[in-house]
Amino acid sequence: MSLALDLFTIVAVTLGAIFFLAGTVGLLRFPDTLTRLHALTKADNLGLGLVVLGLLPQTTAPLGWIGLIAVWLLALLSGATVGQLLAEAVRPPEWDQNRTPDALPNVPPNAPEASSHD
Amino acid sequence: MLTARFADLMDLGGLLLVIPLMLPVVGLLLALVLRGRALGRFALMLLLLGLAAAAAIAAAVATGEDALHYQLGGWAPPLGVALKADGLSAVMLLTTAVVLLGVGIYAQRGFQVPAGLPETRRSLAFWTLLFGIWGGINTVFLGQDLFTLFVALELLTFSAVPLVALDGRAETLAAALRYLLFALLGSVLYLLGTVLFYGTYGTLDIPLLADLIAGADALPPAVPVAAALMTVGLLAKTALVPLHLWLPPAHAGAPPAASAVLSALVVKASFFLILRIWFDLMPALLTLTAAQVLGALGAAAILFGNLVALRQTRLKLLIAYSTLAQIGYLFLIFPLAAGGSSVALTAGALQVVAHACAKAAMFMAAGLIAAALGHDQIRGLSGIGRALPLTVLAFGLGGLSLIGLPPSGGYLVKTLLSAEAIGTGQWWWYLVVQAGGLLTAAYLFFVLSQALSGPRQPATPREHPRLAQQLVVLALALCALLLGLLPLSAVDLLEIGRPAAADSGAASALLADAWSLDKLWSGLWPVLIVAALVMAVRYRQQRKPMEPEGIRPAAAPGRALDQLDRLLRQWPIAGLLLLVLVAALVQTMLVGR
Amino acid sequence: MSGTTLFGLCAATLVGLGLYGLICQPGALRKILAFNLIGSGVFLLFGVIAQRGGGVLALAGTGRDGDPVPQALVITGLVVAFAATAIAVTLLVRLAETSARGTLEGDEPPPQAPPDEPRP
Amino acid sequence: MTSALLVDAALVLLVLGLALWITAARAAYGAAVGFVAYGLLLTIVWVRLAAVDVAMTEAALGSGLTGLLLLGAAARLAPYEAAEHQRRPGPWLRVLVGILCAAIAAGLAAVVLLLPDPAPSQALAVAAQLPATGLANPVTGVLMAYRAIDTLLESVVLVPALIGVWSLSTEMAWGGRPGFLTPWRSGSALPLLARVLPPFGILVGIHLVWAGADDPGGKFQGAAVLAAMWILVMVAGLREPPSVSDRLMRFLLIIGPLCFIGIGAAGIRLAGAFLAYPEAYAKPLILAIEVGLTISVTAVLGLLLAGPPAPEPQYQRRSRRRS
């Protein structure tokens, strides 16, 4: 039984590490800040989730699990918030919703609907 | 009733040491909550209590003929922290209490809260930071644990730096930032030395460390390196000449009450720790060439500080540079103490006391003069002698003590230093001491002659200071001037609690015959010659139009001196000199072992 | 060559690097950063000595690691270093607002015009 | 064993690399960001050195709050940074200082290598006398009992630091609200975080203080976390920083040290020495002091970061500039 759990831990943590690697490659390779945010917030949080999942069998019953999952949830919360803040800071002006359509220069058709309401 | 109260205060024994530690701290905390108007009086009341406690400690040490000890929390030193008040720290506590009481009375007017407001920035900041300085200094004088002394030094620095920038002018902000960064550099080096001591011996208590170091036959290299780092860190905080870049603008820019405290007391706390390290922790250091290095720096400070002071055109900067010079005297005692005699240490302590009173009086007097005239240009001082006779008199008396004329404290210091220099055959220190006295006389007589010369503009001061301020300035100046008349037993107090020096009581013996007529005259006639010289220069200047520079108008060496001073006060150069000093001290201490 | 000694060498390098930054960097904010570097180097030395001293405890079987006294000193030192950084940063921002520069040079007192001295 | 050494070596290289980046980076803002990462790496080094209390303090105070201070300052000083470069000292001077610094670092490294390896330590003495203080965490025992004067002086040192920060405002601004933490201009991410995270953070802070008696934790770490939550609320604009002459805030600032001195003075009567605790209820007394100190240190850390009082409310000035 413990062999299976150890095996599960190794597999899960390795998968997590691969997702971290993907996130880092995304950080280095992607052209601009917004796309890099995707790489970081998506890949790293999933990677961390897998690592936490893999480590769960290694810790003592309820308290250890709660601690690890709390680490993951906090990382998710801070990742999402920082992603939002960075996106607001670098958002290109032409995505402003209250600009008249013809004033939008060569905006790619599927530009995300900016939900700015300041 | 008072003497009864005083008596039972004295029989508290060791617990007495907690009062000077906690009184300022409680004052600092309550001052934060107390409404502004009562702050000044509350501060005065606590300063008086503090003076009583310091007097009780001095009396207890004197009668008990031994240092007072106290273990905080009841834990024995290697684990806990101990307090100790030997003769030296008792005298320092007393001086601090006297000077701070003077400053407290002086500052009542400048930092009082106007009627309409509940509180102002200046009054809250000044009084709370004054308590912070007082708490830090008392802990430095009483602490026996190297890390507790570090925290006390930080409390002192964090209370002193905002005082420099209290007026908010741009150059005082720059001066405060430079003071803070250089003081932090010093305290980090001090901490580095502390960690090496702990790494080697596992304790930070000075007496225990001293026994371990004395007992060890071959000192591991970490110990001299630690002593060198701590010494240089404390030199940076004491502003000894190559590391003096922060002192002149900081002390000249601060409000007068603050610059009095900074010059008289704050600079002496880090010097006191150097005394603790060199005389208590590792007395063997005194016999090394490292002591000669400190002596050489002291001599350089005396000559350089006085010469640049001659060049100054603003009164406060002149006094700040004079502080640099007087600090130099403090470092002459290290080479002179090599022979193991306690005379040099007594001279150092007397210099701290005399300079504290004299310099506090001079800075406060300069503050009154600047307030009355609206500026502190030395050239523009004429006529102030009539407008503020008491203040100019106090300024002059303080100056006489710095020169070292009898019966002042400075005279005692010069007598002891000269006798010790001749006694140990290091005659060059004798020359430096005399030269310093003459240079001080030069710029003091120049300033006094300006102040007492005929009134060029009507002598209606812009703002007449209160009589209380003038009297307290005069009182402090008289303290410095009449220090020589103290009974010689007060000088012996300094040697209580010190390891039994070979010639205990030698200092008071030397001072006993310092009052013979020929000695008095041999000290006086060079000063009279300098006075005549200054009069001649002033007379020649009055006939020619005004020159902006100080005494020597167009002298080439004068400008070269200014450039040298400006060069030395650049941050990278001062940093480089600090590193060179660390290397020099480490080398002399390692080789000398 | 245990890990602890490695951290000791790292601490010594940090102190050297911080000293260089504190002396040579013109910007005052960079000097404050360099001061924090030296501070962390010195505290690391405290940690190395605490870890080395802790071996005694492990022998005594109490299981707790490290000598608690240097660790307590480091915690106190960190808080003091934070207070120092807070004052230095506020002073620097105020200096930059009033005289539009972030460096320490150029502090000669104003030209010879008599300054209007505020009340003592 | 060698794998542990490899991990330590990698950690040391990363720390030194970041330290080089902090010294050599062109922009102060980049150096400040590097400093925050450097602080977090140092936290891992402290865990490797088996000093968990210190690791928490380094993370919360050393890299978190100090990082916030430095990032704020770097942002404010960016316009003045261009002028700094021509004030650099000459190349020869830099080389000379570099050589001397290298020599000092080498000397220090040599001295560290020569220090006795099982260093003389007071660990046993602390462990032996710990039961008398009723605590189980030796570091808290040293901080609160054996070297209580250091902790008291250090909590007192924060007060002049705060007064120093406050005194850097103008006279007319006195009584106003501190102005460094200008609220974030728009968007709903930060206010959301400032509503979700603080309850959790406050719980963690209080737990840290409570657990500090027996396990790694303590008042400074707890106070740093609580201060971080308060600052988050202020930066998100949900609460205004308290005005400088707010009587309640002044009282909170001094409650901790005063409580410490009061109990210390009571110790003279009850336990025979200043700052001594009677053995029977040493732990409750120490915990009372810790709670008081947590309140005061949280207030001071928050106000230190909130900066000197500003003449008029910051957000009006910022919104005026933007529109």
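For reference, chains read A, B, C and D in written order, and residue numbers begin at 1 within each chain.
Following the convention adopted for this analysis, a contact is a pair of C-beta atoms (placed from the backbone, for glycine too) under 8 Å apart; a residue touches a chain by one contact, two chains touch by 3 or more.
Keep in mind it's a predicted model, so treat the numbers as computed, not measured.
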Centroid comparison with chain B (C-alpha atoms), farthest chain: A
Please tell me the distance, in whole Å, between the geometric centres of chain A and chain C computed from their C-alpha atoms. 35
Express in whole angstrom the distance between the two chain centres, defined as the mean CA positions of chain B and chain C. 26
Chain C to chain D, mean C-alpha position gap in Å, rounds to 12
Junction residues of chain B, two or more chains touched: 79, 147, 151, 154, 158, 161-162, 165, 168, 173, 192, 196, 199, 202, 572, 575-576, 579
Multi-chain touching residues of chain D, meaning two or more other chains, are 89, 93-94, 97, 101, 104, 108, 112, 115-116, 119-122, 126, 146-147, 150, 154, 157, 161, 164, 168
Identify all positions of chain A at which a residue touches two or more other chains, and write them in rising order. none
Category of the chain touch graph - line, ring, star, complete, other: other
Residues on chain C engaged by chain D in the complex (per definition of touch): 1-21, 23-27, 29-30, 32-34, 36-37, 40, 43-45, 47-57, 60, 62, 64-69, 71-76, 78-87, 89-94, 96, 100-103, 105
Residues on chain D engaged by chain B in the complex (per definition of touch): 89, 93-94, 96-97, 100-101, 103-104, 107-108, 110-112, 114-116, 119-122, 125-126, 129, 145-150, 152-154, 156-157, 159-161, 163-164, 166-171, 174-175, 245, 247, 250-251, 253-254, 257-258, 261, 265, 267-268, 271-277
Residue numbers of chain B touching chain C in their complex, please. 79, 106, 109-110, 147, 150-151, 154, 158, 161-162, 165, 167-168, 170-171, 173-178, 180-181, 184-185, 188, 191-192, 195-196, 198-199, 202, 249, 252-253, 255-257, 313-314, 317, 364, 367-368, 370-371, 373-377, 380, 463, 465, 469, 548, 566, 570-572, 575-576, 578-579
Okay, in this complex, where on chain A does chain D touch? 74, 77-78, 80-81, 84-85, 88, 116, 118
Quick one: which bits of chain D touch chain A in the complex? Just the residue numbers, please. 184-187, 189-190, 192-193, 196-197, 200
